[in-house]
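The structures considered in this document are given below.
After this come two complexes, each holding chain A, first together with chain B and then together with chain C.
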Partner chain A sequence: MTRQEIEKEIRAIFLREFEVENPEPDVNLRDAYGFDSIDAIELLMEIEKVLGTELTQAEKKKAMDIRTLNQIIDYVQILADCRQTESEKN
Partner chain B sequence: MSLTRFSRLAVNFCITLGLWAYFTLGYLLLMFVLFIPCYLRLKAGDAVLQKLFHVHLKIFFVLVGFMSPGVRFAVSEDVRRLRSSIIVCNHLSYLDPILLVSLFPRQTTIVKNTFFSVPIFGWFLRKAGYVPSSPTEMYGPAMINHLESIKRQLAAGGNLFVFPEGTRGREGRLAPFNRGVFSIARYCNTGLKLVLIRNTDRLFRPGSFSFDTRGEFTVSMEWIGSLTENDLKNSSISAAADQARTLFERKIRETQTGGDAQE
Partner chain C sequence: MTERRVVITAASAITPIGHGQKPIVESLVNGKSGVATLRDDHFVSRFIHSRVYGTVGYPIEYDFSRQHRKTMGPVSYYACQVAKEILEQAGLPRNFVTGGRLGIAFGSIHGSPTVQREIYRIFFNAGDRESYQGIGAVDYLKSMVHTTAVNISKMFGITGRIISSGTACTTSSQSIGYGYEAVKYGLQDAMLCGGADEYDTTTVAVFDNLLACSTAFNDRPEQTPRPFDRARDGLVVAEGAGAVMLEEYEFARKRGAEILAEVIGFACNSNGGDLILPNLDGITKTLKLGLENARIHPSDVDLISAHATATKMGDIIEAQATGAVFGKTPAVVALKSYMGHTMAACGAIETVVTLYMMQEGFIAPTLHLEEIDDRCAMIRHVQKPEETPVKTAAIQNFAFGGVNTSLLIRKLT
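== the complex of A and B ==
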């Protein structure tokens, strides 16, 4: 997945699940949109759908420290790249 | 104040003192005497503690029943049989969580953070695997640890019970539902069992010190419906919370209408 594709998916999730339209890329989501830990869990489950695989506990824990949209996109991109590399190896 | 009313208050006061003495000393003595040897011998310390809480509070309610001859406890069999379930309840009284602990040998719940700072009791709560509700505990990586622990407990046959109102409702009215439990259920790939509690607020009125041991009423717990795993997957968290709330409201209306008709 390209970064643009990931960003499109994440923005769609924000609109559909959290009713946040076009979140600013570098603002703290908690402060700006009241994004809380429950939303973070929901987002993780949506990210699993986007990636088509379950996240490990360590990956989930890493996500819980994320604060901005750009950080989410970086996070998903790293995961997508890892999974692609793994599938190429196999 | 009439003599009858005074004697009723005096009886309630004395029985309440006795019950709370058992409740508190039970934690201090029974737990230390039983828990430490069990804890040292068994690895699953949380399961042992939950079982001890269960036995201790079961005895507590046997005493409550014995001291309150006019109060009947009616817990439906389908509620008693619940295992590996996330149970959503309305919240009327401080008695609600301890009644639920007395029903299920393995159980966990989300507890107000202030209880964790109570000496000894707070330590027991943490050791029993109960989940603190504070924002610091439910934010960041700790949140995942708690969710995974809940998942493990459900897999081991335990129940998670939650009061999505967060606080006790007033005069039969439901407070708005927090979304947390609905998200937890989705995370754990399970559904929700909805259980309606009635009359615990008559037995132990919010804001009152004493139990009403002279009243005549039935404290009941009834399974009023479920939200399946698919229900939760196919709707937003807010929609699921609304659906659960609607089921509770409908049942409360029905029981109030039924009660009025009977009167």
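== the complex of A and C ==
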């Protein structure tokens, strides 16, 4: 997935699931939109759907430090690239 | 321990006969029932013999943001709505609401059964990861037994103590009673108290299987339940919510709050025996303890809101206990005749409706009480509307598990 595709998916999730339209890319999501730990768990489930694969517990725990939309996109980009590499190896 | 006076400064209810004072009073005046036909739940409703339900059959405009909605099951919508209304009505300053001296006593019989049903559906269908993932992160928060109280605390930033009793039909009478004690003994300066229950057919199934539900009026839902009437044939489960704001008297007076009534006494005891059958000794003792706590004589009470679910034995035992303690002086009304048994909400709703009658200066009759059962005849039933001032009232509630409560309120003159 390209970064642009990921951003489009994440923005769609924010609108559909969290009723946040066009979140600013670098603001703290909790401060700006009240995005909390409950939302973070819901977001991870949505990310699994986007990637079409399960996230490991270790991968999920890494997400707990994320604060901004750009960090979410970075996080998903890394996961998508890892899965792409693994799939090419196999 | 120093005892402080406790007053009610706001009240609201969502009931099968209306939402708020005006529509509820209109229904009482017009003898309008809120009982309707049981809806098909595509689950257990097709097996239930009782085809009646006290239904909130009108739309409610909620304006809760997603930030709050995400942890709320249907029961919390009702709870937060009545909480919002009484906070607005009481007009407490914002810094007081969030300052730790306002607490919450609010409950439901078992959280949100609608959400629990979905969780169990997934459990029983589980076997793959996708099903497991269907259990959302917030399902517990929506369905746990104290979901109403904590959703109220979150929505309004209330930081005082949380009491969340879940004692079936005495849930919200305990909320008010324990809230009263918290303010009376100086633990809090105000308490937001109440109870709620959502539309739930599994509760109907429980009472239906105990042969406690009304079945003879399935084709005429608006004619049941019939407390104290010879033709009564059981209770009607209902949904709704009720809430009152309790404040320490001097605090309320100094800030110029409207005082609807004073809470003058509360008693709660347990039958210490059978968990289902009504207990004459236990109930009689509760009513006496309530009067002792209020330091008043039985003849001081003008009006009794009876628990009166319209079961065969429950009504007889309550009438006997009430007659033994109060005699035939106070008027007795069974408010469930209008709306059915709103479960966890009934104590609060019946307190709110009693306050409305106090304010309006009238006593509503027990609906459908056409022929008083001889075994319930030792009390003064109200069969026609009475225009009369009500100064002091008792609200009686009894629950599965053998829990009894008596709450006494008095209009300030």
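Side notes on the structure shown:
Definition applied: the second predicted complex is superposed on the first by the 90 of 90 C-alpha atoms of A that agree within 3 Å, B and C clash if a C-alpha of one lies under 4 Å from a C-alpha of the other, contacts with A are read in each partner's own complex, and residues count from 1 in each chain.
Keep in mind that, in the parts below, a residue touches a chain if its C-beta (ideal position, glycine included) is under 8 Å from a C-beta of that chain, and two chains touch if they have at least 3 such contacts.
Please read all numbers here as calculations on a predicted model, not as lab measurements.
When the two complexes are overlaid on their common chain A, residue A:G34 makes contact with chain C while staying clear of chain B.
Residue contacts after overlaying the shared chain place A:Q57 against chain B, while chain C stays out of touching range. Touched residues of chain A, counted separately for chain B and chain C, are more numerous for B. Legend: residue contacts after superposition of the two complexes on their common chain; A:L15 is shown touching neither chain B nor chain C.
Of the two partner chains placed around the shared chain by superposition, neither chain B nor chain C is touched by A:C82.
Using the contact criterion defined above for the overlaid structures, shared-chain residue A:M45 touches chain B and also reaches chain C. Residue overlap on chain A between its contacts with chain B in one complex and with chain C in the other: 38, 41-42, 45.
Considering their complex, residues 18-19, 34, 38-39, 41-42, 45, 48, 54 of chain A touch chain C. Chain B contributes residues 135, 138-141, 143-145, 147-148, 179-180, 183-184, 186-187, 236-237 to its touches with chain A in the complex. Residues 17, 36-38, 40-42, 45, 57, 60-62, 64-65 of chain A touch chain B in their complex.
Within the complex formed with chain A, the residues of chain C that make contact are 66-67, 70-71, 129, 133, 136-138, 141.
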